[in-house]
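For reference, chains read A, B, C and D in written order, and residue numbers begin at 1 within each chain.
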Amino acid sequence: MENSTTRALTTSIGRRSFLKMAAVAGAFGATSGFASGNVTRAATEEEVKNPFPGSKKVKTICTSCSVGCGVIAEVQNGVWVRQEVAQDHPISLGGHCCKGADMIDMVRSEVRLKYPMVKENGQWKRLSWDEALNRIATKLADLKKKDGPDSVQFLGSAKMSNEQAYYFRKFAAFFGTNNTDHQARI
Amino acid sequence: MEYARMKFYCDEARCIECDGCSIACAEAHELPVGISRRKVVTINEGIPGKEFSTSIACMHCTDAPCEQVCPVDCFYIREDGIVLHDKDKCIGCGYCLYACPFGAPQFPRDGAFGAKGAMDKCTMCAGGPLETNSKEERHLYGQNRIAEGKVPVCAAMCATKALLVGDAESISNIYRARVSARGKGANSPYGWDRAYTK
Amino acid sequence: MTNSLGDMQKSKAIIIFGSNPAVNHPVGFQHLLKAKERNNTQIIVIDPRFTKTAAKADIYAQIRPGTDIPFMYGMLNIIFANGWEDKEYINARIFGMDKIREEAKKWTPEVVADVTGVPAEKLIQITNIYAKNRPGSLIWAMGLTQHSIGTSNTRMAPILQLALGNMGRAGGGTNILRGHDNVQGATDMGCLADSLPGYYGLAEGSWKYFAKQWGVDYEYLVSQFKDASWMTKNGFSLARWWAGVQNVKNDEKIENAGTHLKALVVMGNGITSVAQQAKIKEGLDNLDLLVLADPFVNEAAILTDKKDNVFILPAATQFETSGYCVATNRSAQWRYKVIEPLYESKPDQDIMFELAKRLGFYEQYTKAMLMVETPDGKLAMKDKKTFTWPEDATDEIARIIKTIGLTGWTAERIKKHTDNWHMFDEVSGAGMGPMKGEYYGFPWPCWTKTHGGSPNLYDTSISVKEGGMGFRNNFGLEKDGVNLLAEKGSFPKGSKIETGYPEITKANIEAVLGITLTEEEKAACGANWKVDNSGILVQKALEAGVCPYGNAKARAIVWNFPDHIPMHREPLHSPRTDLAQKYPAYPDKANHFRVMTKYISIQSAKDYAKEFPINMVTGRLVTMNGAGIENRASKYIAALTPEMFCNVHPDLALKHGIRNGDMMWIHSPEGTKIKVKAKYSLTVLPDMVFMPFHFAGHFQGADRTGNFPAGTKPYASGESVNTVTNYGYDIITQIPETKGGLCRIEKA
Amino acid sequence: MRKFFYFFVATACLASVAFAADSQIWGEMRIPNILSYGQEQSLKLGALFTMLQNHYFGKIFLAILVLVPLVFFVHYKVIGPKVFSHEGKKVYAFDMFNRVVHQIAAISFIVIVPTGFVIVFGDFFGGGTFVRLCKNLHGIFTIPFAIVVIPMFVMWVKDMFLHWDDIKWLMIVGGYLSKVKNPVPAGKFNAGQKTWYWLATLGGVLMIVTGAMMYFLDFKIEMLNNITGLSQIDLLRVSAILHNVVGFAVVALFFVHIYMSIFAIKGAIHSILTGYKEEEEVKILHSSWYRKLKEQGKV
């Protein structure tokens, strides 16, 4: 709404209090979720226009702890633009602790590792995925041949999905060692 | 037409200082680091029986002291009781902070000589005087979830549902129901008298 | 956890041992707070520290770290003395409670008070409240497990619950609050050094089962190993792998197929939050190859001085791939992909597949995703050439893992629940409307593709089809002439058999269930329900209201463990030398996860308490989890807890001239030290310090954050407390003893 | 000496910014700092400030802005200015140092006072850029004043102590209520000037300190917190109240000072520009000083 309108309203209602929304007549039903149903609100379509047009909401699960809170991610053109509230999730009921409320920020953190790197002579060097994987695989194969598969230790993660965790264990089995573990140990 | 008066209330028996609300707020409105529109504090930490936590932001006082002292009159109170302000008018003098019982107004430091920028505070996720849900509004005031028909993000994401938002009467009812279920007398809630004066 | 978070709203009393859900599981804690309002539930917190959970508790007992067993025996002592135990329940469903009763007699409230530091009156008060308000739920977490007697602790707690008849009841149970988001799932998936997926064990039979299910010859798998004998031996664990690295100075003998460790491949594991950081650093420094795949730079790369062959690979976060995760209550939820992997990051499975291709086992490795079970108990190939990640992997897991009843966890079903999460009840998890008859996330065991999951383990008040069951029959039918099966009258509701029974096998099914199988059925089913591809054994059992794993007694006596019943043993570094002599640690153990692990030789080496008089407790902050890197890399969260600190009581600090905000040194008996900021707090006793374990990047006073590649340094760094946590490992699981150590403090 | 002083001021300014980084208001200490109105430790200054600012400060400033000039207008019309011969001999009253110091302070005041009014009546100007600019000018032009206030204090302090003449001067209101040019009892500075001096220097310092506190919010002077026992937020509240109250006096006397120098005594302003006062003016308005000068043979 324009400033001028609000100013006009101000004078009629009182010097210091004015309303922005309420005066704008129009049907508007989506006032769900408040402690009370009779929230003072009525707004035009223009007012309730979606701030992220064309976005879709993806249901997913928080990656912080084992409570398993629901997360609703609002995605616009492949960009996670907003974290929404999973109000009807049966465990979390929309709740989040600071970690959960910040999932979006974790994903788009500026200090993420952006490309594969290797330390050579004490210096970090960027390299391609292909080169990185080739070099790692060659070294692993060498060790397996020379020292046996038990010269390698695998450490998986409790942050993986079940499929990944299962395939991590399976990887160690196919590599030929039981030297594999994850955070459940601690 | 009777309007509800939108209020926050933090139930101390439920608040566990998880900081979910303050981070949800910072993240939803993409606030600069150091601006905390909402903050959780614990009082008497480590003293059995006396420790409690509470989440504080602008309480959207009925008779808002900030609005009373502002020399440039940048505050306005919506019919539903939400206290908002116009950042384009604000001169960053800090008077609202001196008047506020909750320490809600926040001042980013911008410009030379450590001058304070325009004040920033909780908007109850109702944006500001610019065009609703416009980029400009989001940039200056953050999301306008109220306009979208959504609950302010802090209360919606409260881990233990300690933080309540809604019209004052409904909140009182919820709180009363909880207190009677617990079978204990109500503590005098923090700042209740100021924020809830009729 | 045997029950669920919502289920705790049905409890009348909740006892929390060494867990801090208000900080570690804030959202889960809302159910406890609601319980207080709903049932006037009495919340009892037993912790060395006055935690945020304790602040919300009705009763709080400040206990000396590592003395939980005496405390619980003390409770049992009072319970038995007053006859508050559930005699009928004990008789029908528990083996060996007499031995517990005998041991409990020794632990009078006065003895307990001396050992634990909890006054006798408080113990009596707590026991009184807990025994008289049933069902009572018992919660624990790392406060019980991270001890050299961790396993005994975790046996003791269920024994207490069993004595009161709280197991297998809504509102009761032993509710272990797991840490990471999918630690339950990853454990179920056997991402462990001592197990195959689904807890199948490392026996030859298990390997053969898996070889068959994976569609490869058993001999092929054997050929990958050094030899078949190494397939059945535990590997190095996360806690002590460093002991096996070449050139690491260590007097503890290793047994690792004649070689040392030379390479370490880490995916998503913050090894900077594991005990013995100085040793871990030494281990890292001496590796030939270090591979770290993580969305953020794994701080192991910063910790090590290794100059070559350190690879850091950008792994995608869980929001950039999909799959399912298992919450602490054993229920599965689908984690939908939100966005494509950012930057050059790749999901973990792609990294594994790419490595498998280069190592030459990709075909065999992924073959099982294209396999299906047929009703005749055979395995067939799906009629498609390429697999779909992750759905085909989900179904592979559902097909293979039968021990814990994952058969019902198909991708389709799990997605259905996540899509419709609004159709489930907050308290019981029961579905409504189209989801009726199912529990949210199908908490395992979920026996078949139509089973609705089991909300509470060992609950006999509902039928097996609805999620009921007795205790598992896993250790034979009798021991020393005593029946190990449940007694007459104890059985899941609606069961055809009204007494105990063994687990269902091909050989015994007809006799146990009193049915006859057709010849085809006989030909189709496997040897027992755990390896039966046809599903007939489970099917028939469920039809008879019988639980496939049997109906047995819970064991209070575990004859294959060093302590047959839980016995108190002082921490290796005990502040009470007198008690350490009375309750000594285990003998040293050779070849414990491939390395000799010391107990008594450490404990009796010297009187630690003289030089290191201060108890050291570690724990989590609400702002972070695990090694903390992902939270410290978030600007808002980093601003809340910007630096490493040590909570210290002002009385203790001032004795050492340390003012609030001063830097202080913490010295460990191993000779390591860390420099941290003192933060006055009344939550700790004056003989104790508390530190969070989420920080890394500094090491023994030196700032190593300069080692981060440009643009990847998190917003907060600090000393890792695990540089000074003491030596000590559990006798069974090898979990580090980080919750009962000693230290010395000094002003920096 | 002056160099050192400059250095001190610059350091103080920078230090305040540095302190601000370790903020007391926004950091962990927030709750002890932001005390609710009703809380025990609170001095209820928040409520007091709110009440004063809401009901009184603006009105008082408006009254000063309107009434003081009005009184002078009436005085000018009814009694008229004092006119002294500018042709006669002159008395050297202010040396170069005096004049420079005074001029710097004068320039500061000429900016600070009007911008102060703009802030007080910010709503009249509609807030926004203009008022914000004035707020910043208000702060920035404090710096030159802060630099000269101590030299100013030192250079005139010996002439500024209370004297018997001052009482007499006050009894006859400096002779300004009469058109007659009777010698008025006063030394080099009369009681009015002395009042203005003390207010401008001591009050000025108070204005600088309270202003800086408010400008930086976190201008942490721990000594102040310790001495007063006040939390930072209460100190800020005290600052706001003092700044306004002392502001009334400063503004009122500033108007008096301007009226006197420009209108009430025709041409009096020249003395601070050139350093020379008219002998007749001195004789009448500073009769005691004139007598002294005569005794010393300086006129």
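In the analysis below, a residue touches a chain if its C-beta (ideal position, glycine included) is under 8 Å from a C-beta of that chain, and two chains touch if they have at least 3 such contacts.
Computed from a prediction, not measured in an experiment: that's the story for all the values here.
*Asks:* Taking each chain's centre as the average of its Cα atoms, which chain lies closest to the overall Cα centroid?
*Replies:* Central chain: A.
*Asks:* Of the chain pairs A-B and B-D, which one is connected by the greater count of C-beta contacts?
*Replies:* A-B
*Asks:* CA centre of chain A versus CA centre of chain B: separation in Å?
*Replies:* 25
*Asks:* How many angstrom lie between the CA centroids of chain C and chain D, rounded to a whole number?
*Replies:* Taking the mean C-alpha position of each chain, the two centres sit 72 Å apart.
*Asks:* Could you grab the centroid distance between chain B and chain D? Build each centroid from C-alpha atoms only and quote it in angstrom.
*Replies:* Each chain reduced to its C-alpha mean, chain B and chain D end up 39 Å apart.
*Asks:* Measuring centre to centre with CA averages, how many angstrom lie between chain A and chain D?
*Replies:* Centre separation, chain A to chain D: 58 Å.
*Asks:* Two or more other chains in contact with one residue: find those residues in chain A.
*Replies:* 92-93, 95-100, 102, 105
*Asks:* Send over the residues of chain D in touch with two or more other chains.
*Replies:* Not one residue in chain D touches at least two other chains.
*Asks:* Considering chain C alone, which of its residues make contact with at least two other chains?
*Replies:* Expected reply: 26-27, 30, 622-623, 635-637, 640.
*Asks:* Would you mind giving me the full set of chain pairs in touch?
*Replies:* A-B, A-C, B-C, B-D
*Asks:* Spell out the part of chain C that touches chain B in their complex, as residue ranges.
*Replies:* So the residues of chain C in touch with chain B come to 22-23, 26-27, 29-30, 33, 36-38, 40, 50, 52-56, 60, 622-623, 635-637, 639-640, 681-684.
*Asks:* Please output the residues of chain A touching chain B within their complex, sorted ascending.
*Replies:* 1-3, 6, 10, 16-23, 28-36, 38-41, 43, 46-51, 82-83, 85, 87, 92-102, 104-105
*Asks:* Going by the contact rule at the top, pick out the chain B residues touching chain C in the complex.
*Replies:* For this pair, the touching residues of chain B are 13-14, 16-20, 22-23, 26-27, 33-34, 42, 45-48, 51-53, 159-161, 178, 181-183.
*Asks:* Can you name the residues of chain A that touch chain C in the complex?
*Replies:* Of all residues in chain A, those touching chain C are 58-70, 73, 75, 78-80, 86, 88-93, 95-100, 102-103, 105-122, 124, 129, 132-141, 143-144, 147-186.
*Asks:* Going by the contact rule at the top, pick out the chain B residues touching chain D in the complex.
*Replies:* 34, 36, 39, 41, 43, 56, 65, 68-74, 86, 88-95, 97-103, 106-107, 109, 111, 113-116, 190-191, 193-194
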